[in-house]
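Structures given as structure tokens follow.
In what follows, subunit A forms one complex with subunit B and a second complex with subunit C.
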Partner chain A sequence: MADDILSIDDLRLNFYTYEGVVEALDGVKLSLRKGETLGIVGETGCGKSVTGLSVLVIVPPPGKIEGGKIFLKVKGKDIDLLGQRQAILRRIRGEYISLIFQDPRSALNPVYTAGDQIIEVLVHHRRKELIRRALERIDKEIASGKAGFLTKYYKKIYQKWLESPRALSLQILSKIPIARRYNRILKDEAKKEATKMLRIMRIPDPERVVDMYPHELSGGMAQRVVIAIALACSPEVLIADEPTTNLDVTVQLQILNLIRELKEEFSSSVIYVTHDMGVVAEMCDRVAVMYAGSVVESAGVLDIFKRPLHPYTRALLESIPRPGTPFKSIEGTVPSLINPPSGCRFHNRCRFAMDICAKTKPEIAEVEKDHFVQCYLHHSLGE
Partner chain B sequence: MLDEFKFTLKRMRKSPLSIVGIVIVSFFVVIAILAPVLAPPVDPRDPYAIFHDGYGPTPRPPGSPILDSFILSTGWKVHYFGTAEGQLDIYYGCIWGARTAFRIGVLVVAISLVAGLVLGSISGYFGGVIDEILMRFTDIILAFPGLILAMALVIALPRLWPIEFGVIGIVAASFIVPMVIGFFYPKLRGKRAVILGFAIVVAFAIPYVYVLGSPPIYTIALDLNSLDKVLIALALVGWPGYTRVIRGEILRIKQEDYVEAARAIGASDIRIIVRHILPNAIYPVVIMASLDIGSTVLLAAALSFLGIGSPLGYSDWGQMISYARNWVWTGFENPWQFWYTFIIPGVFIFIFVLGWNLLGDAFRDILDPTLRRK
Partner chain C sequence: MSVLLNIRRLRKYYPIFGGVLRRKLAEVKAIDGVNLKMYKGECFGLVGESGCGKTTLGKTTIRLLDPTAGSIYFEAPDDVMEEIDKLENSNEDSARLKELQKKYDLAKYRGANLRTLRRKMQIVYQDPTTSLNPRMLVKDIVSEPLVTQGLAKGQDRKKRAIEILDKVGLTEKHLYRYPHEFSGGQRQRIAVARALVTNPEFVVLDEPTSSVDVSMRAQLLNLFQDLQKDLNLSYLFVSHDLSVVECIAHRVAVMYLGKIVELAQTEDLYKNPLHPYAQALLSSIPIPDPAVKGRRAMLSGEVPSPVNPPSGCRFHARCAKAMQICSQQEPELIDVGNGHMVACHAIR
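Let's look at the complex of A and B:
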């Protein structure tokens, strides 16, 4: 599809544990259009977060991607992330795709200040721009006659960098602790940028927060810093992995509003991973429902809530607690993915299960416009 | 970073034991630095050699006058702490022994620490086969009692270590030539140049050296005295401990979200290890190192006492005690007549080790991340 910024096709991922092979993702098919927010919902352990990590190709061992394709549109060209070298992936991570973590406190390194951690991304991906700015500043200083001997030396290094960033002399220089100080002006510029980012995150008094350590920040503030890190290079795709689960309810709302506003401001597309249907209704344009490692239904957010087609989606919506009605839950438990059920993985909990459901797995098919379902109830083969 | 340092100093001031530790250690630092002032060497060419006042076997008590006219001419008048067997001056040995103690303690710990940091990081972060090989290797070393292994190594290590500049030159040239060519041919840069260098070493340099013999350009032999051998042996015994501790810490921190976050912003493996994991993993080894400086000196003293440590007459506390071996017990009428031969160097060792232990304990309290800022 032409306007897909990211598309995942038949993604398979296994975890090789001591108990056996966990088939965590079993043919995930998703697509993210430019500028939209795609919600991924499902129970714990259905593969939501792992899908997010796979897009960045940073699935920690023992997880291993076994097959499939992930296409990302970079400057108008589709590239398959799974076939790329690490060097290229490192440039994509953080610049084109970035991730907001679930627990902001553990996603920040305790030994560095909030500013340091934003500066790290900026220096990694926006070096050229920062060096240009640093040069401008040095020129100003030289013009006003304040520049010292060192500043002039830094200027030479920066100019050299702009000419040939991979020059041997620079590579050697960047490894020597004291000579490396030429990064100072660069980092200073990056710090200004970091302060600006924090202000965009609606953090009061960003000049002070920039120098604060993670343990000095409240949960909401920490999450804003994490979002600032993720958005520092205005990525095309932002993956938010349950960013509000560990926060207070009031702070949750602030963060949700923030993400929604920033999405417009940075013109990113968002994948929002959550298990909270309320948040989905609030945030998303389209929803993909996942169950036991595959996408069982995906459709526009209104379609999902008004006309859910897959039995699992229906059950999920019915199990949202409502005041005055008895509490309902889905019968049975999530199957073990070491020995997943044959056929459709939901068939042993499904009210409408047929014989064929236990035998073969249904294909995901477009039953209505933009409404995909993976179920024999809505499948011509099922008759 | 500076704030952290100030905070550490503030915490340190509040703990009295750490102050005692710092005072003791800095006392020895002063002694070591001022050794030429406190005990001017009789033979300036070899200041570590303890001067001896004749060769008489029986130790003489503190305050005995110096008899040798040459030593008298250098300004020495009295044996402040008496003399040991062979009329070695105990005061001189104790003062210059402080330098030996620091050299052994700090160098051995520094070498083991660096080796542990590098190998532990590789082992813990990358895991797999490298981890398995390194860990089994540390197991082998840890399976032997440290002192026994150190003894065996001191005896087994050769005294002369030939350094053949011809061979080094051939190997270096194998790498430098591809790099120089790389300046003109961009296709041969970076990794490719290194690989070509390896290929030249394997295909050309090694056969050349083994078949034709090493080229006769500048072969010097590094002459290790027995103290250097002690140093090498103790470092060889010490590194597995650090490697294991660092590996364990890295395995723990590798699981943290912020490491994954660093990967998610595109940081490279080396950057993740150096910038994100090691600063969080370093505290236990800092504590371990400061405790180990004391115990390493103790181990070296034990080796010297057994007679395989420092060379004869070298300023070393352990050796001074070994000179007292025959004079500890002198019969029931006057049991500890020669107490100064072993008590005085013993006190030096004891206080030195105590100082480092107190400092290590203080570090443990101050740097423990679970107690910090509570």
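Let's look at the complex of A and C:
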């Protein structure tokens, strides 16, 4: 569609393990519209996190993308992320798409301060802007007469840096100790920017936090730093991979509100991966329900909760504990994806399974406007 | 209902050692004066944020941790409790009190007494992948309590293991397998079987559903409820998942920084929370209904350190209704009717 900022089509991904080939994603079809929050829900191992990772093309081995297309709209043009060179992907990651990881403690590097880790992103993606700011500062220092004797050499270096960042002289200079101290002005500017980011994340006393190491931060704070890293270059697509799973409900609420506000502020579109239906209801405009590697239903959040069509979605909603009613669970267990069930992968747990379900996999079809279901119950072939 | 456990002024401090001489520098006040009564056949829910001392309270209650101070009376008849109260109030160093405490106060149990106590009180840990020994067969895991307690031998032991596995929804064919061969939900069932094999009366469930999936969670909760009815168990259900506690617990206590701030029947607490912290905590549960939006009381800031808890009411720095008295005097946990207890100066 015209307003899709990201669209995934027929994505296939396998993990090559010793036990066999795990067909983790089996024809995922998704689209993210500009400015919306899309929730991806499902049980553990249904492929929701891997979908997020494939969008950034950072699936860890032994995983391998086997087919499909992921289109991202960059400056009005659709580009297929899967066919790009690493150099281009590196620019896209962080600048256009970025990811908030599940566990903030393991996502942060324990030997660098929170500030350093934000600076890394800034220096990589927004170097030109930072060099300009550094030049401005040098000019100001020279004008006020407070400049040290090296400052005018620094000015030359920075001008050169701005013109041709890959110049040989700069590459050599950056390897020489003491001489490479010209970097400090840039780092200083980046640190100011990092502090500003932390302030946007509503962290109290950001000047202090910027110099703290991850172990000094609480879970909620660490998650805010991770979000700051993700939003440092105001990306158009933000993928949040269960960002609040390990946090307490009160902190979860703070983080959810933060993501919602920042989404407006940076006018990003968000893919929110979670298994918590409560969070989905709270955050998302549209929901995609995944089961065993494919999207079985996608619709607006009200439709999903009020009129779920796929039997799995219904079962998932029924398994939410509600006081006064007996706990309902989904019969059976998630199938092994090494030997996935034939046909519809849900058929052996499904209450409404028919003969055709075990034979061929249903196509995902638009049953109502904007309500897509992958099930023969709502399909012309199934009648 | 008769009282199973009566916890009085329970404290548990963890020392922090430091310096060259490994001196004690400070104490983490994990539980700081908790009074509780748990009844027979009850599922008592304990909720709160991480670091508030819920797990410590659970473990101290069954003496996996030694309390710093306070007493835990276990199965003490009412008349005995009255006598203890009288003796305690008289402030005398009586031999009778010591004798009674030795018999009923499990905070003072030692040796053989403590060993027999282990039979009656058991625990199911949070994560079954780490609480089950990966190198032991299910048969050995489940029958180990029988070995250490000397309860059954040989064929008897095996028979008992099969019996209990059957109760938790596993079968005889699972006996000779290792924990890694099971799914998360099944592993937790093995952990439950191990806890129940000695026929305990009281089981601490320490976040038993936090490491399993939504669909398995419902099955496990059903299992807990069925077992409670069948075996007449009492539970202490420790969890940070408030919606689960709402469904399974009869009474719920909300903890904040080592103190109980509110305690009530589940329905009372969830419908009508009185303490500002309980209100904020309960309103931050995401509601799985997209039609309901925007009625949240968001807490600002974070939980203060339990090493130096704030003076007076521990919540006063984050509380919207804080008054002068809150920072000076610690509120008592008082009954406001129908067994609904609150520790707050604003509610009188």
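The rule is simple: the second predicted complex is superposed on the first by the 379 of 383 C-alpha atoms of A that agree within 3 Å, B and C clash if a C-alpha of one lies under 4 Å from a C-alpha of the other, contacts with A are read in each partner's own complex, and residues count from 1 in each chain.
Simple rule for what comes next: a contact is a pair of C-beta atoms (placed from the backbone, for glycine too) under 8 Å apart; a residue touches a chain by one contact, two chains touch by 3 or more.
Computed from a prediction, not measured in an experiment: that's the story for all the values here.
For the composite obtained by overlaying on subunit A, subunit B and subunit C can both be accommodated side by side without a clash. Of the two partner chains placed by the overlay, neither subunit B nor subunit C lies in contact with A:Val28.
Once the two complexes are laid over each other on the shared chain, residue contacts for A:Glu282 go to subunit C alone; subunit B is not touched. Using the contact criterion defined above for the overlaid structures, shared-chain residue A:Cys350 touches neither subunit B nor subunit C, since it reaches no partner.
In the superposition on chain A, A:Arg91 contacts subunit B only, with no contact to subunit C.
Touch criterion met: A:Ala107 reaches subunit B, while subunit C stays clear of it.
With both complexes superposed, C is the one of subunit B and subunit C in contact with more subunit A residues. By the touch criterion stated above, A:Leu38 is placed in contact with neither subunit B nor subunit C.
Rounded to the nearest 10, the superposed model shows the Cα centres of subunit B and subunit C diverging by 90 degrees about the centre of subunit A. Between subunit B and subunit C the least C-alpha distance in the superposed model amounts to 6 Å. Taken together, the two structures place no residue of subunit A in contact with subunit B in one case and with subunit C in the other.
Those residues of subunit C that touch subunit A in the complex are listed here as 49-50, 183-185, 213-219, 221-222, 225, 240, 242-244, 246-247, 266-267, 270, 280-281, 284-293, 296, 298-299, 301-302. The touching residues of subunit A, counted against subunit B in their complex, run 53, 56, 58, 60-61, 89-95, 98-99, 101-103, 106-111, 120-121, 124-125, 215, 226, 229. Considering their complex, residues 4, 127, 256-258, 260-268, 275-276, 279-280, 369, 373 of subunit B touch subunit A. Taken together, the subunit A residues at the contact with subunit C in this complex read 43-44, 204, 218-221, 248-254, 256-257, 275-282, 284, 301-302, 305, 315-317, 319-323, 326-330, 333-334.
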